[in-house]
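Chain lettering (A, B, C and D) follows the sequence in which the chains are written, and residue indices restart at 1 in each chain.
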């Protein structure tokens, strides 16, 4: 019976680990949702923050976050699609493939604070752009390029060779094949990756806090080269005064909004991925 | 006309590929150039115990120690918990629910770290302080616990994939020989999933090392190795928290700044090495959620 | 679904000579009815062959006997299976029944060979070492005995500690049979194992 | 698909040109969190009368203010200490001009639990010993038997410079007895309130029910409370000026903004924030 005892013990350990994890993770979510829900109302969402963010709302922080990630989307999407096309259509040499994979996975693994430092040195100081919306968007764009490249490459390489060959057989040149056959499929993968990337980018604090955001007094940036204010850095400011109940309340509210934005992006990515049809089934 | 467009298109593809390939080299190059002053001026003096910029002392050992200890402890907590939970989701839980659990975990894996930081300041540091009767709950241990919770979803979902990908036939053969469930899992499933699990742990290790915001808010930010050296309930400092707090304070092109960048470069090199090694282990690769 | 019954010659024998009997046994996978109202009696110390077209439910039936099917998604059953062991008779599908013990009594060899990524030596001992504490000497003896039984000993005796995956498919399948024999089951269920054997060596049954 | 892309490009183009066309002048300020509430409230009021001026205020500490101004990334630096000789030498092209806008005291603060237990005043020497690590328990200074949690600030913070200059004699002195290093006044206030045996340094404006200001026992035995009155008459030993710095004499809107803070209307904001105005 010793074996049976061991078996039950093992199963009990697995069950308790799973229960523990569920408890921890649902604690996290419920804390944010319950505390955040108390704060969120139209007034909170539509007014600007006062007194270090402890009073007022988060209207311009939301606008700032949207500006940052839309800038990132515009910059990263074309570059990433180009890279994915190159990987799937031009690079046939396995060594080159391996090198490009290493570069992309490497870029994906770089800690976010390093991107912040890179932006601070290269853009803010070396190119002297100042702390600005534009630099923040560039850095976030660099961060999400790998996600988009991998996702679009995956959907491009899933197109059966037959489709390419029949297109060539009709006398289409390479560029025509790319735009008519490869891209329509690749775009969906790219959009999936884009949403996943943006979900990650919208919550990033370390890369933007030195290079793109200002503390207060920022409304809409007048140009590309002015600072914005963003949700994550706002939460950072509020978290540093966590004993001020009003500030903490606002921090929960801002967190809930941030998480909702993150969930919307993630879920749309999942949705697109599920509804994505391979070219052969259209 | 068509040939012209084709040329432009090819140019676009090549340029964008070059951009995305060169960025990582550019980052490495920029960091190296900026840390050159510190390496040149400091040399081995960088690896000492005292960090005091006004006196030109830039010892990074306390930060290296902090990063190492925080990461190791968080893995010690998260890896067993994560693997057992992954065994639960892939082997014990009814397959019907697995997809929901997986989606939930993958969503959790992406929650922004600043929110973990907020929860850490508002709850964990207070709890740790009260639990151990400390003056302040901002300790290495608090940071490690918070970090372990952050990497838990990543570990669970990657290990679950690894275990799930073990072909069903191994389980059936082992069962057919009269093995109990725990023997089936321990002796036949886990050894086959081993390499993927190692890859998952390495990826989680990389993520934990590079985590900034959550750690920065709860670790206490003292540039000292605690006494005695194994006292985890003392404040400390990691490379990332040091960078997050101090990089904007140091003047550009000073030795101080250069020493900070040097730390960043060490961190980057370690994390890149881990990523490449992990990629060798994870043959299935190409996951989007890490 | 073709009813298998029609393809099997029922041999009326005495009850006490029966080792396994299936009574009115049904299997469903989700909504598909894979096995319909199946009766059979397997005799002790006999080889019973079941022949039928693919998809007729042969594997389903054989996998129901030692309850390997339990964890298959959507599996439901009706009816009962009796197993007459050394001392007791059991209803296989009974709450609280020690299914692991049952599986040491009813061994099974699958259609495709499946060796664990370990040495040949450890593969033979894979099942038996959990049920019995073995001395080193005994282990050596069990390995040799069972490998000889599947005519593999001469081929691999000099490289017992190499990975089992270095064997050919046919050798791997014989290794799988040896692994099952090592547990000393009363019954062995063979799910078309010969389709993987490169030649047909003589298989002495215990 | 093509139409989508073209329209996106047009939109992007419109945003960029539109932003540049509106040419709003922006004044960037950064620096000490001590000065921050004054400047950011003043900026809000200033904008009521000067609609076309945009003033952005960033935190970071006095050191950050000086560095950013030195690198000419901002127009106004906010500092709560004097510029050191080293910093002036570091930026030879920049001519730092200081503009005092008020006065503040840096007060040694303790958790309310310790204050209620009877510790209401300490000598400078006792505080110095705590930060040097020579006094480690509150009972050594007549309080309850609890270990002291000494909260320090990041090196470049103005509050720390002023405090350490008086307490340890050198504005960049290391504090080996410190148990925690934090940044802004807000963060330090939070940590001291969360603990029940902490000592720290805060600007006078951050003292509240959870974080109590200590009185200081002078060498002649006189006890000086951190009241506005004592700060105004100069009795409280750790006081400082709140300063704005610019590169050269300010011009145009920057000058108007600084003049506004110095005006009676602006000084009212200084008083509301808990500081001493220039007129007192």
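To be clear about the criterion, a residue touches a chain if its C-beta (ideal position, glycine included) is under 8 Å from a C-beta of that chain, and two chains touch if they have at least 3 such contacts.
Since the model is a prediction, treat every value here as computed from it, not as a measurement.
Student: Name the chain with the Cα centroid closest to the overall protein Cα centroid.
Tutor: Taking the mean of all protein C-alpha atoms as reference, the closest chain is B.
Student: What are the two chains with the top count of C-beta contact pairs?
Tutor: A-B
Student: Can you work out the whole-Å distance between the CA centroids of subunit B and subunit C?
Tutor: Using C-alpha averages as centres, the distance is 46 Å.
Student: With chain centres defined as C-alpha means, what is the inter-centre distance between subunit A and subunit C in Å?
Tutor: One centre to the other, that is 52 Å.
Student: Counting in whole Å, what is the centre-to-centre distance of subunit C and subunit D, each centre being its mean C-alpha position?
Tutor: 79
Student: Nearest whole angstrom, what separates the Cα centre of subunit A from the Cα centre of subunit D?
Tutor: That pair's centroid distance is 35 Å.
Student: For subunit C, jot down the residues that touch at least 2 other chains.
Tutor: Within subunit C, the residues that touch at least two other chains are 100, 130.
Student: Where does subunit A touch two or more other chains at once, residue-wise?
Tutor: Correct list: 3-4, 125, 240, 242.
Student: On subunit D, where are the residues touching two or more other chains?
Tutor: 71, 183, 190, 194 - these are the residues of subunit D that touch more than one other chain.
Student: Could you pull out which subunit A residues touch subunit D in their complex?
Tutor: That would be residues 50-52, 74, 124-125, 130-131, 183-184, 187, 214-219, 221-224, 226-227, 237, 240-244, 247 of subunit A.
Student: Show me the residue ranges of subunit B that touch subunit D in the complex, using the header's touch definition.
Tutor: Residue positions touching the partner: 52-55, 121, 125-126, 129, 135-138, 220-223, 234-235, 245-246, 248-252, 254.
Student: For a test of understanding, state which residues of subunit B touch subunit C in their complex under the given definition.
Tutor: Residues 95-96, 167, 169-180, 183, 187-188, 191-192.
Student: Which bits of subunit B are touching subunit A when the two form their complex?
Tutor: 2-3, 5-6, 9-10, 12-17, 19-21, 23-24, 26-27, 30-31, 34, 80-82, 84-85, 87-89, 91-93, 103-108, 110-119, 121-123, 149, 152-153, 156, 180-183, 185-186, 203, 206, 209-213, 217, 240, 243-244, 247-248, 252-253, 260-261, 264, 267-268, 271-272, 274-276, 279, 286, 288-290
Student: Write out the stretch or stretches of subunit D touching subunit A in their complex.
Tutor: Touching subunit A from subunit D are residues 1, 8, 12, 16, 19-20, 22-24, 26, 28-30, 36-37, 40, 43-44, 54-59, 71, 73, 183-184, 186-187, 189-190, 193-194, 210.
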